[in-house]
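Presented sequentially are two complexes of chain A, the first with chain B as partner and the second with chain C.
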Partner chain A sequence: MKKFMPLIILAILCLLPLAGLSSYIMHIVILVIMWSIIGMGWNLLGGYCGQVSFGHAAFFGMGAYAAGLIYYHLGISAWWGLLVSVPVLTLSSLVIGFICLRLRGAYFALSTLALGEVLRVTAANLVKFTHGDLGIMIKQRTWVDKTWYYYIVLILAAGSFWLIKTVTESKWGYYFVAIREDQDAANSLGINTTLYKTIALCLSGVLTGVAGAFYMNYMGYIDPTTVFPLYDISIVTVMVVMVGGVATFWGPALGALIMVFLAELIRSMPKIGAAHQTLFGILLILIIIFLPNGVAGDLRKLTRLFKRRRPA
Partner chain B sequence: MTSLLQIRDVSKRFGGLTALMAISYSVEKGEILGLIGPNGAGKTTLFNVVNGFYPPSKGDVLFKGERISHLQPYQICRRGIGRTFQVVRPLQRMTAFDNVIASAFLRAKDKAAAEKVALEVLEFTGLLGDRNLVSKGLPLGKRKKLEIARALATQPEMLLLDESFAGLNPFEQNELIDIIRKVKARGITIMIIEHHMKVIMSLSDRVVVLNYGEKIAEGTPKEIANNPLVIEAYLGEADSA
Partner chain C sequence: MTVQVELFLQTLIAGFLLGGLYALIGLGMALIMGVMRIINLAHGDLMMVAMYVAYWLFTLFQIDPYISVFVATPLLFFLGIGLQKFLINPVMKVESILPHNQVILTVGIGMVLANLATVFFSSNYRSTPVAYASKAWYLTDYWKDAPIELSLSAPWSLSFLVAVTITVLLWFFLRKTDTGKSIRATAQDIDAALLMGVNVRKMRVVTFGLGAALVGGAGCLFIPIYYLYPSLGKQFTNVGFVITVLGGMGSTEGAIIGGVILGIFESMTATYLGMGWAPVGRFLIFVAALIFLPGGVASILRKQRLGK
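And then the complex of A and B:
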């Protein structure tokens, strides 16, 4: 049963558009699935390999701009961005890894934080190349209806899930976790830590970048502040995985579900809505204290909590 | 025939501190070499040089005739030197089994092969019953064994054991002595740092003594026990007490 869980969920998700959901709900569901891809990407690097990044907006934005720029400069469909973002992100991850992965722990996290900001400022100022703060707009979106966007992002998410599952259950997965737990010990056990950290970074960057390329096509408009922001992308990515469960298969998807719906809910509330970032901050603190392993990781703790309440 | 491991004139300086000064000795294939000395003598530093964590400031380390100083730890491990740490460093949030699988992947073709090696090594070290426990929760004696199991899973020709006996009760010590004898019987060469004289004297074929970063003696356990320089290093000069 447990083995078929991913397939059952996939089947249910495939049938979801038939339920005749409103365009708004479909939009939210698409965002949830997109965020699970980003979360899965972050989780591979931060959760399994232990290299916590506060700059995943850098990868997301590069993917989005890879799609946007081929449309803007070459006049070809931005959908090619889904493919183009793979080599672009692999190459840039190699460069980023070469610089940032020399650092450990908090220093690595800080360097990635800087990276996202550097790219945001760069994208805003290379006006001739990126159109600066005016952003890139796709003149005509491919579909008005959301169904096809939904299926495309679903395929991307299913592919990402399969990739993560395959990788983490292989030798690479063991090596990633070994590096997370003790880099020096891993090194003396014959693990080329630099190589495997770079592999984790590349995979993570590519997944996040592909999600970015999808975002360009789906939203039809990007500018530096929407795809490279520290808070709305980088921090939310960390939160999605923290809330869902670090280093778990379902954590990113669960976290995306909770975070996106919560964000919509809080934002739509009168008066409180403006303070949604504050509320998210408080939520994060509560999660870290009471569910340090996230919803997926501390599932047993949660169910126990509810079971205890029932007889009373 | 050349020795398995040759340490040639190795010095290691940290700024103004000379941790190792012109150390030279060899480890022969199949023997157990005990490395002893008072605290701060440079024993672990020497391990770190052999293992590749520190490049030597001067001198060379040769393994099977090949120069390995200035290689990375993972490259040295691949050439056949496994090590354990003085402060145990298991991969905490992994089970004992997963810990050993992770190191078995070094020479295993696939996961099935790695699991097979891991099971075999866990049985060898007496940890088979604890394989599904998260290593953070294991008692110290078992974590020390896990360190050895992990190093053995890389299928080394030589094993560096850094104070594997520290903090163990006499029963656990005897268990570990048996394990190390069995490791030797498999033809694996061992260099061991140890403070328990009983352990060193009963296990070692030869002993090297360090003091303040210098080698002050080398010989059989019996020779070492009667060496006046060694007695002085441990107990102080006879008339200064």
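And then the complex of A and C:
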């Protein structure tokens, strides 16, 4: 039963558009799936390999701009961005890895944080190449209806899930976990830590970048502050995984579900809407203190908490 | 030609003054880094809090920002102590898969501070229009036949001098007092310090407070020459950690030198490439430091000391 769980969930999700949901609900579901792709990408690097990144907006934005720029300069459909973003992100991840993976722990996190900021500034300043702060707009969206967008993002998510599952259950997955637990010990056992950290970074970057390319097509408009922000993308990515469960298969999807619904809920409240980052920050602090391994990781702790309450 | 030289020297002066202020931000971060082994990503946001304190003191009571250093610094000290005691210390004990939970926690704190400031004070740009804001000293006033003209802005120089004073006071505190020595011992080796009878946990709390107080002081010094908005913290957090890496992780002397280097480099990029590129210049020097000087300025200092 457990073996077929992903397939069952996929089948249910395939049938979802038949339920005749309103286009607002579909929009939220699409965002949830998109965020779970980003979360899965982050989870591979941060959760399994232990390299916490605060700059996934950099990868997301690069993917989005890869799609946007081929449309803007070459005039071909931005959907090619889904393909173009793969080599672009692989190359840039190699360069980023060469620089940032020299650092360990918190310093790696910092260097990625700087990266996101720098790309935002660069994209805003290279006016001729990226159209600067005015951003890139797709003049005509491919479909008005959300169903096709839904299926495309679902296929991407299923592919990402399969990729992550295959990678983490192979030898590579064990190498990643070994690096997370103790890099020096892993090194002394003959694991080429630099190589495997770079592989994790590339995979993570490509997944996030493809999600970015999808975002460009789906939203139809990007500018430097919507695709390279620190809090709204990079930190939310970390939160999606932290809330859902670090280094678990279902954690990112669960976290994306909770975070996107929570964000919509908070934003729709009239007066509290402006303070959504405060509430997110407090949630982050509470999660780190009480559920450090997320909902999926601390499931046992959660159930025990509820069981204890019942007799009282 | 003289115009070029003038521009270069003027940029150098501006960079040096900016560097002195940056050093103060970097020092607080390096202290926290040294003792707690975590990077405080709420550093810039703490500075933003201090700037708002100085701003409101100026707007409501006409208190000069340089006097509010004496108000904001203790206030930030206690804020830092509170954060460390009630949020960061409990997390240090929690077992989890990821080792960097404290760093993520500081991000959460920064996020809350920045957003609360937006909610309460709106995201308008604010500044304190002090009377001496545009006062400056010119070289030709003192030396009539000077071949080139240079100027020295009064608030910048004053901020720089106060920053240097605070740095010197900190140096005496770390070298001469028992608490300072305990902090340095904790930074060098936590276990050894514990065995020598240093109350490591108390030192952590004091250090975080001290780091927050330093950046709070920097905030008060920045407000007469800069403007204020709620999300300005991020930018100064970046400045702080670039300095920490440039100076060598957790080294206080390195942080001072790193601050000056960064200040000069940033003025140069702003003058010769344009204002918007300054953050990119910051990142370039960061990358260069990582590739060519991974130990930071501190490693050079250490080498020289050993050479003697």
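Note that the second predicted complex is superposed on the first by the 307 of 312 C-alpha atoms of A that agree within 3 Å, B and C clash if a C-alpha of one lies under 4 Å from a C-alpha of the other, contacts with A are read in each partner's own complex, and residues count from 1 in each chain.
Following the convention adopted for this analysis, contacts are C-beta pairs under 8 Å (C-beta built on N, C-alpha and C of every residue); 3 or more make two chains touch, one makes a residue touch a chain.
What you see is a predicted model; the values in this text were computed from it and never measured.
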item: First (chain B), second (chain C), both or neither touched by A:A256; value: neither
item: Partner chain(s) touched by A:G50 [first = chain B, second = chain C, both, neither]; value: second
item: Touched partner set for A:A106, first chain B, second chain C, both or neither; value: second
item: Partner contacting more residues of chain A (chain B vs chain C); value: C
item: Partner chain(s) touched by A:I289 [first = chain B, second = chain C, both, neither]; value: second
item: First (chain B), second (chain C), both or neither touched by A:C202; value: neither
item: Touched partner set for A:A157, first chain B, second chain C, both or neither; value: neither
item: Chain B and chain C contact sites that coincide on chain A, given as residue numbers; value: none
item: Chain A - residues contacting chain B, complex; value: 169-171, 174-175, 177-178, 181-182, 184-193
item: Complex contact set, residues of chain B against chain A; value: 51-53, 72-74, 77-78, 82-83, 85, 89-94, 98, 101-103, 105-106, 111, 114, 150-151, 154
item: Touch list for chain A against partner chain C, complex; value: 46-47, 50, 52, 54, 99-100, 102-103, 105-107, 109-111, 113-115, 117-118, 121-122, 124-125, 180, 230-231, 235, 238, 242, 246-247, 274-278, 280-282, 284-285, 288-289, 292-293, 297
item: Sites on chain C touched by chain A in the complex; value: 37-39, 41, 87, 90-91, 94-101, 103-105, 107-112, 114-116, 118-119, 234, 238, 241-242, 245, 249, 274, 276-277, 279-280, 282-283, 286-287, 290-291, 294
